[in-house]
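I have a structure I would like to understand better, so I am pasting it below and will then ask my questions one at a time.
Chain naming follows the written order as A, B, C, D and E, and within any one chain the residues start at number 1.
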Amino acid sequence: MDLTDILIMLLKAVVVVVLVMAIAGYSVVGERKVASWAQGRLGPNRTTIPLLGSIPVIGRILTRLGIFQLPADGAKFLFKEEPLPGHVNKFYYILAPIISFLPPMIILTVLPYGQFVKDGVMEAVALSQTDVGILFVMAVSSISVYGLILAGWAANSKFPFLGGIRASSQMISYELCIGLSLLPVFMWTGGTLDLFAVVQAQGGVLFGESIGLPKWFIIYQPLSALLYLVALFAETNRLPFDMPESETDLVGGFHTEYGAFKFGLFFVGEYAHMVVGSAIFSIVFLGGWSIPFLPLSAYPEGILGALLSVVVLAAKVIFLLFFFMWVRWTLPRFRYDQVMNLGWKVLMPLAVANLLAYMVIMAIMPGALL
Amino acid sequence: MAESADKLISVFVDGIEVKVSPGTNMIEAAHKAGVEVPHYCYHSHLSVAGNCRMCLVEMGTPGVDRNTRQPILGPDGKQVIQWMPKPTIACATNATPGLHIRTTSKIVKDCREGIMEFLLVNHPLDCPICDQAGECHLQEYATDYGRGYSRYVEDKNVKPKRTMIGPRVILDNERCILCGRCVRFCKEIAKDEVLGFTERGSHSTIACFPGKTLDNNYSLNVVDLCPVGALTSTDFRFKMRVWFLKETPSICTESSTGVNTTVWSREGVIYRITPRRNDAVNDTWMSDSGRVLYKQVAAENRSTAYAIEGRPVQAAEAVAALADTLSKAKGVAFLASGKSSVEEMYLLKKLVAAVPAGTKAVHLVPHVDKGDDFLISADRNPNTRGALLTGLVKGLESAKCESLLPMVQEGSIDTLVSLNECAGVCGLGREELKKLQYVYLGTHYCETSQYANIEVPLLTVFEKDGSFVNQQFRLQKFSQAVPGPEGVMSDRAFIFATLAKLGGKGPRNASAEAVWESMAADIPQFAGISFASIPAEGRPIDGSAFASQPFAEGKNLHFSA
Amino acid sequence: MMHDVLFYLFAAMTLAPALLLVCSRNTVNAAMLMIVSFIGAASLFALLQAYLLAVLQVMVYAGAVVVLFLFIIMLLDVGHEGRLRAALSKLVAPLAFFAALGCCSVLAILSGRGGEAPAGLEASPAASAESFGMLLFTKYQLAFELTGFLLLAAMVGVIFISRRAIPAGNRTEGKE
Amino acid sequence: MAIKVLHRKPLTLAERTYILPILSGLRITLRNMIKAPVTLEYPEEKPAIPKGYRGVPTLVKDPNGREKCVSCQLCEFVCPPKAIRITPGEIVDPANAHVEKAPKDFELNMLRCIYCGLCEEVCPEQAIVLQDIYSMNSETREEIVLHKDKLYELGGTLPDAHFKWDKKKKAADEAAHGGHH
Amino acid sequence: MLPVALNHYLIVAALLFCTGFAGVLLRRNVIVVFMCLELMLNAANIALVAFSRYNATVERPMMDGNVFVFFVITVAAAEVATGLAIIVALYRRRGTVMADDLTALKK
């Protein structure tokens, strides 16, 4: 591994982080837009930037779309006074937002973003490829709960503390479901835990051209997909599962005592988490960058194909992000005991039953459906 | 009122039996039964005029057969009540045994309604402007007994407004309901006949006698007396609505009479002072000169800051400096003041005892002026008796400060502490004071305070609580109405802190309660008294031990005695 | 060389937090230190090419066990520990014993075999998930099943123990 | 009164899965997203002020430009958040001296005002009126404490129903020129 | 700096074990004692993985040590759950988690 390799890897990493952060950042604006649409409002439509905003037609359209809201919000978070309440545990108070921000960033390293075909050999567009891919993802995302717990505890006041407690038990409860709902998929793909292999298994068309369903796992295993989706909502603390935050009963939950940049880290961290979660869902259940009814080999060779595949995956991720927001502005929050009941008494047994069912299916007709 | 039980007679007010002494009028009897009879012209301390007609009630007497002089008995075996066919005025009718009064019957209600309607016919109804609004009987009775709407469609009478009938009193003729309380007050109490009725019919009005003005020192009492807003005080006029004002019971410091007063303040600003009824001291009157004493709170020469050698300091530094000065002094003279409260005098006595100096002298500066034989006595110190009772001075004669000047001149005194007294009254001038360590404690600056080494601001009577003993040896307490200047300790707290700094013995803390605990133990006349237990109308103290003292009043000045 | 540097780094990352944990008065600090120590151990596993174990270590310990610890710490609101368990004088003997034991084992290890890697080490394959699975379901099947049973038993036990104890005679229906 | 116990309808199986209700909810929000917004774009588009709207309390003058307020301080008394502070004063202008009283200063703290309208309701002279001003703001705390001048400027003129200026004056003049009635 | 070999891992394991044991002895807080127990288990895990790794050859990829660690982790998880449940029960009953205060049997 020489210096150029390292530099190239660094460059790739920077590109990935910048892209994902951009998506995460704009999903903040997107969230506000979706919320306002769902509520019959306009949403952010005023913020403008001197030169860009005054371009005759485009500038106005961009302004009305709220495109410039993001830099404004970002600048606000950066330049606001950084409060450090006197009663907090300072070390953990500062550490918590960093911890909650890091896991999604780490997970980015093992996700495949597309394919790159060169001389007939298909490679993943990824920062690194490991054969324990999905396990790594789960291991790292299980760390992210510490951000919330520590924030709740370090803030040294009631509401954040309750938020922290809720976060910890909710995370533990739904992590099981995540694992169990993903297992059948990886059993199906023949034992590999590699995410790239999962995508590859989803290219092509199911049941031949006559019926014509994309060969995605959401078609094979709808229950797994549903379970994972629900658990994903819980893991990313999105409504209807935003127990740790639940602003109506806990003020702001774990981040009640946070402001300015540290709050911004939590905020962006949550959206980064959503982006990563959507990416995993797309990769595992929505065929990654596969286009319905087309085999993966339909992508052209070289950079163009790679870019196309990345764009397709990004489109799926963005749709899922929209779905996240759509659900948020539709459903009310569950009660805490309902969350726990759902996790342990509904999702867990369902996931186990689902796993057993696919075990039986695969034992009876091994490889029949692939 | 001395009422021996066997002389009392039974009166029935709306069926409630009350025992009253013979000769009590029906308003007082009803009041005793807890029933209010509305009235304008009647006043408990003035003669009865009976011209407002508001107090009309129904009365009935037990039936007696004219011929046989036997009681007429009803079917139930009880004496029949013979009700008068017409209502009578309650103020001018005295109670007789077995008298029955109805205050809620239809006739009474109709009467009151009618009277109210007549009174309001020419009343301008300018309550939004009127200063009486909020304590106006016309307002109160109109809501309680009035009709609620007007049937009068003609133009109302127009009479002069803003007539100056005296330097301190303004008359609004339109509002006057001709009750005549003011006329009677001038004649009976102030003994200065100035006011009378003039004109006829609906143009009848109050006016000064030609060539006279209402300018005696008790003129403002007519403003209090006036049940409506016809007579208003120039001083209080348009200043503040009464419903905003907080009432604080206080004592007038004008003289040793100890007139009971109410201080009316809002948010730390005093707006007026009115008399508080105390039949043993001042009935319901007070002097005009006593009413303006609140202006000393915001006076120009008011002392508001502690200073050592002219340098402004915090209270704690002043305490330390005073304690230091006292502990170093060889001979100390104290100029005590008869304006201090009993508690302060007691603490001062403790402070004197704690001073280690060899020569110690305490002087009480007398302030004697001519009394008016009514509510202003010759002794203008409100608390001369307190100084004797607490033992601050042994006798009035020995406490006079004529001896101070020679002591200063011969040098046996090197420190002078004057409390609310100007050293000048004892003949001390600039040269003498320059020689001394001079500590001036006072509410206001005086001509010698500029020579003080230590200046200490004190609080006026409105800014602190405490008690005075008046000329009748009546212990009366006053409460704090407004806060003192910022950063100024209360007089008691300051003396207490100095005492504590000197290591002297005293009460457990500076609160009035604690000082009274200590005083009740120390002083035989105060035994068993606590600050909270002093009633609003005061409490007589045994002053027989001081009978031989040469008091300035000469005689006990309670005007009714 | 890289391997060596990483080893020392990870060893320090494992040991230093462990030491601090033993000294830490604050229970939450202790838990956080434990995570760091576990991640250090996981890194050592990765260094030993046991990637699956490394990930499992992070997932199970950092992801679940310490969260559970934190949850309990916060739930019980334990607070700070005033002093150590006993006077140090009482502990001199056992501590010395274990210090000696540690020294001995270190010496023994240093003096014994294993100072150098056996031949063929570099080439030997990493512990893959697949080989893990093979072993678990063949050679160690009984143990695997027993562990599963143990987990079930533990779960039932935990639910039983952590049930809120209702004093006898005070039982009300639906109060749970 | 009899108590009627209502039982919630038990959920059907489809409802109990949550999926179908959630989907129908998603459909509703989606439909909303497509619809045009119902909000006003405030600074450009102004809302229509309904009758009886309670905006910023203002002081009004009569058509002859004379103060209606006589500083009776009833509004100060009734004001629940104590936003009003009046310094009463006397009218010195001899022509109008018969009205006697007018505020020397009228202080209205808009940081405190809760727009309850009690001051308007209690005012015996109809001098304080909550009109249609709904956006009162400033850059400093001092500025938003409105004083007499500002309040009259905001309030403008409203017809006088009391005639205290003219009717009384006429009567007083007549009385002064002799003759009862 | 010695080239890292099996010994180094074993030393780390031994030190970690002793640290954990010292913690078990010294600490009063049962929760921390429990954490120290986990440290000791981890020490064993490191040793096992190291043995497994350093005894492997191309022909004979010794996985047994790793599998053993797998079991240890599993059992440790079960142990933590049970242990913490016991601590919670203890706390509910006694209001303390300090080992010194749990002396019912002494009296």
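In this text, a contact is a pair of C-beta atoms (placed from the backbone, for glycine too) under 8 Å apart; a residue touches a chain by one contact, two chains touch by 3 or more.
Model, not experiment: these values are computed from the prediction.
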Hop across touching chains from subunit A and tell me the fewest hops that reach subunit C.
-> 1
Moving only between chains that touch, what is the shortest number of steps from subunit D to subunit E?
-> 3
Reported most central chain by Cα centroids is D
By C-beta contact count, A-D versus C-E, the higher one is C-E
Subunit C to subunit D, mean C-alpha position gap in Å, rounds to 69
List the centre-to-centre spacing of subunit A and subunit B in whole Å, with centres computed as mean CA coordinates.
-> 81
Report, in whole Å, the distance between the mean C-alpha point of subunit A and the mean C-alpha point of subunit D.
-> 51
Distance between the CA centroids of subunit B and subunit E (whole Å) is 86
Touching pairs among all chains present in the structure | A-C, A-D, B-D, C-E
Residue positions on subunit A within touch of subunit D in the complex are 34, 36-42, 226, 326-327, 329-331
Residues of subunit D touching subunit A in the complex | 19, 22, 25-26, 28-30, 32-33, 35-39, 41
Subunit C to subunit E touching residues, read off their complex | 3-4, 7-8, 11, 14-15, 18-19, 21-22, 24, 27, 30-31, 34, 37-38, 41, 44-45, 48-50, 52-53, 56-57, 60-61, 64-65, 68-69, 72-73, 75-76, 78, 81, 83-86, 91, 94-95, 98-99, 101-102, 105-106, 109-110, 112, 114-121, 123-125, 127, 131-132, 135-136, 139-140, 143, 147, 150-151, 154-155, 157-158, 161-162, 164-165
State the interface residues of subunit C toward subunit A in the complex, per the touch definition above.
-> 28, 32, 35, 51-52, 55-56, 58-59, 62-64, 67-68, 70-71, 74-75, 128-130, 133
For subunit E, which residues are in contact with subunit C within the complex?
-> 1, 3-12, 14-23, 25-29, 31-32, 34-36, 38-39, 42, 45-46, 49-50, 52-59, 61, 63-64, 66-67, 69-71, 73-82, 84-89, 91-93, 97-100
